[in-house]
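In the two assemblies presented below, chain A is common to both, partnered first by chain B and then by chain C.
So, the complex of A and B:
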């Protein structure tokens, strides 16, 4: 009896969490999926209406803009954060003095909320208040940096702020990865007279593949659920030039009383995340079975 | 209420009766939390307390009412709605269709609302023939504010047509002054758009296009001309306008950086708060064209059954439309009373002009609901239009393409 209990105790302890996750995560995903198949407006309505909300969604130029922005923002954000994070990590890995201090300084932006980051960068990038007016007052009258108010470039201004926020975190991930590489191999390579850049390119980085994967997954889901940064920096503007799927969903659900439309956009966002996460999980699980 | 229940449980042993059951109750959900607005709500609370009622304040700030609507949705779904909720325009009808609003026709009949309220406005307050909401104030949206000194220096008067406005703006650009102070937020773009629709198309066209969503009107040459004018106006704002808040735009007019602003009469509050005098420091006039675009705040009454809450609801409805609250509230908020029989002696000249225009417009069907402020259309349709307007204003989209997108967006939002 006691040994039976002993064996069951992990299951018993996990049961409440399991039940909560089933209801509040998967239950509500199912609920949202159902709402996205109805004509719900202000309040939920459960009459099946087919794929009308998805047709409306894909017919809406604002949604196209939001998805296009997500592509641009996501790709640039992930790429730049990884490149910058890796570069910083490699520099920090050179056995320098005060490494702990510098690491903390670079990691600090992650401690700020996106709203604070967004507001600060909004002021810095505002042509009338920030960088542009500062440099012009220094005497460079021709200097222009008005990305934030240019509908075609505003999304890049948001990328700048997001990369500033996340690259320190990526640096920490990579630094941990660099340190985990077996020192013996590196020493052996150094004894053989292989140059440093070659050690990084051919030995250290390839053995860090799982870290790259983790960094990618973390950054990708940050990009897809980005909301507060856009709200704080541009409010989706100029026009709706910096709308992202998350801000689109918020506008539909809470400002316009169009729950069905919001639910369908949420489902599409989820599918985008699945498209990234499922192959990752698949490769992880398969690797374990081998 | 909950407090009372706890007391009742605690006192059950000694069989003490719960005294709170005797007073009328009102729980009021609103988002008037900033300076002047909060003061204005406090006036209502005092009047309600003077009538022996117990007021439970439920202010939900943020998001221009979005946060409050989320709170309301949760309360209604749980079967426990507040007594009165700050709602306006078609949103009242949307909630009525969910079957959760109360009938306050008794109060309306006793207080003679039918006679004292303009017909166009009382139509918003009725749900299927019975009264279900009480109007608080009338904001006029189609105002043009101007810096008196800048206009005098450049020899410009308040424009009576959009051509005059364009000519005046060219003059101002030559003099190095931004003609139009504007904030690039979707609702501000939409505010300017609706005044242009009214000015170029006239009241009949406005009604067809932005209230009835008549396809022919939306796709007409007049609409193309409206977008042409929007493109011209885009040339009259400064480069740094995206994302600017409306009150910062008002400050530009105040400081003489810019000459005009098109904004509802809440902008007047900014001028007055800065100690500016209407007619001397700043000028107010309706935007070019006829008609009067209103934005009416109101309280929708939710079905709270019979008893104390119902009693409180009736008192509240009576007070909101009552002359004394109408006067004090609107003096604090910068709008005008919704009833036609309140004395306007204490109000400034812009408010008096607004009231005169409202009565005149009410007689010839020119009293129209503002689309940009959620009075004319439901959220989905209004949002679809303002998406197109803001996309056009903030890009180099042609007027023809904007008109085409407008038609598609409306069809898509149905």
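So, the complex of A and C:
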């Protein structure tokens, strides 16, 4: 039989990870949570001061703007990525020649850094030399496409780049989902003469509900954490027009020297993510136990 | 997940006679036209990046966004690699590219190694509380990193790792462990427990069983994990911009500094060349090992 030491090996192996997770995940959450309940500015101050930082946060028009932008950006990003991804998956599911090549083309943006994506789209959406001037050259002199520098529209420019980056990934998820639907049922429906679109609408898509759910979770998570793309494309501007919670938090932590605000905004971000993820994980885990 | 396509359009031949052949061909043509249109949408930025990087500044100012370069010049590329200014320094992307290599290689190796041992221990050497530990590790996969930025900056300072590449390696290993552990655990769980029990009865220990049973099976999951980690670490910007100094910045941070610097003439061709250079390693991995890339993406997505 194994010696006592041998039996402890799995625990010894996991001990560093246990320690790292305890400190770097849970310890750090606790630290940030505590700082969000103090009057910390440039330096941490550990005296409890109640919800003063959260009151400051919700009174701050810049935070309102960031949360409003997150709503607009998040909803459009999730909706457009899902619709486009699903549509592409259905198109690709029609026994396409060169499917592998086309899939590769649709998905490659996911391999790029958001900074690279942002750099490319910033150049293309540049009103003076980008797509706007291209269309004007084609003879449409009045064509305007200056969203990137328009405070009311800049957030939509970021949505375009984000959808470009993530929709291929949603396509890959949906395509895998489409291919795991029971082929027998579909054959039976075809024999009954049911048109293809009805087979999709009534049989295939409803059976893919879990795939919709995981695509939604991933996209929502991506949206709430969005930071790089905004930094690369607009830097949060014009003004604060494209500020998101993540850029707000970063500005407070590293350029404004307002640790209390940074901590409280980070906590709000975490709570929003967990409000979405925890019910999902809970139902997933329960489903497995049943 | 099966790779068997559902034969929607290959329905029993008899059923399709009702639909006129002409209409069917038009539908197919429309389908391919749409697929090509979308392919153009995804390829356009890459095409524009490459052509812009090969043009001179004058041609960019006077020509069309989508025109091919009249005169191909690699000046922008050499400037992006070794001459353009990233803040005060004017050495191009090169030093930062190597910073990213020096950061990504150890971070990927360490987090994959630890993840493999963790996943093995969690799947076949369970003990009281090991499931809770796994749950606690998984939870970290969802963490918005904003919550840990400030305490991490302080701890790196305490450890004497502030603004250094080893500091970034530590950060990427710690926050990469959740996913690497998850990948290996879910893969190793499919290895039959009888195999491990039989080896234990024969007197093999923890490491012996790992080396002789698990390691030989691990190539696919190691590939998936390495690609996943490499892509994430290489493309990271948040940690890079928060925890690095002028000399230790990763390539993403340097690229952003080049593109969003407000001084001097905007050299779009240099920006584009720099963006391609920063994107090439992960793009290369994707082209060479796309299958494993997608597998990591979907595995990570479904579970975390």
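The criterion applied here is as follows: the second predicted complex is superposed on the first by the 274 of 290 C-alpha atoms of A that agree within 3 Å, B and C clash if a C-alpha of one lies under 4 Å from a C-alpha of the other, contacts with A are read in each partner's own complex, and residues count from 1 in each chain.
One rule holds in what follows: contacts are C-beta pairs under 8 Å (C-beta built on N, C-alpha and C of every residue); 3 or more make two chains touch, one makes a residue touch a chain.
The model shown is predicted, which means the values in this text are computed figures rather than measured ones.
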Problem set entry | Which of chain B and chain C A:127 touches, first, second, both or neither | first
Exercise. Does chain B (first) or chain C (second) touch A:112, or do both, or does neither?
Worked result: second
For this session: Mind telling me which of the two, chain B or chain C, contacts the most residues of chain A?
Result: C
For this session: Look at A:13 in the shared chain and tell me whether it touches chain B only, chain C only, both, or neither; answer first, second, both or neither.
Result: second
Exercise. So, A:159: does it touch chain B (first), chain C (second), both, or neither?
Worked result: neither
Exercise. Counting only touches as set out at the top, which of chain B and chain C does A:42 meet: first, second, both, neither?
Worked result: first
For this session: Using the touch definition from the top, say if A:254 reaches chain B (first), chain C (second), both or neither.
Result: both
Exercise. Taking the superposition as given, does A:239 touch the first partner, chain B, the second, chain C, both, or neither?
Worked result: first
For this session: Please work out whether A:225 is in contact with chain B alone, chain C alone, both, or neither, and reply first, second, both or neither.
Result: second
Seminar exercise, completed: Going through chain A, the residues touched by chain B and also by chain C turn out to be 122, 235, 254
Exercise. Touching chain B in the complex: which residues of chain A?
Worked result: 41-43, 56, 59-62, 122, 126-128, 146, 148-149, 151, 154, 234-241, 251-252, 254-258, 261
Exercise. Which part of chain B faces chain A closely enough to touch in the complex?
Worked result: 63-64, 66, 69-70, 73, 76-77, 91, 94-95, 98, 184-186, 189, 239-243, 378-380, 382-383, 387, 390-395, 405, 408-409, 412-413
Seminar exercise, completed: chain C contacts chain A in the complex at 1-12, 15, 31-32, 34-35, 38-39, 41-46, 48-49, 52, 60-61, 64-66, 114, 117-118, 121-122, 125, 127, 130, 133, 136-137, 139-140, 142-152, 155, 174-175, 177, 181, 200, 205-207, 231, 234-238, 241-242, 252, 255-256, 259-260, 268, 271-272, 274-276, 278-279, 282-283, 285-287, 290, 293-294, 297-298, 301-302
Exercise. Taking the complex as given, what residues does chain A use to touch chain C?
Worked result: 2, 6, 9-11, 13-14, 16-18, 20-21, 23-29, 31-32, 35, 88, 91-96, 102, 104-117, 119-124, 129-131, 133-134, 137, 164, 168-169, 172-173, 176, 178-181, 183, 186-187, 190-191, 193, 196, 199, 214-215, 218, 221, 224-225, 227-228, 231-232, 235, 245-246, 249-250, 253-254, 259, 262-263, 265-267, 269-270, 273-274, 277
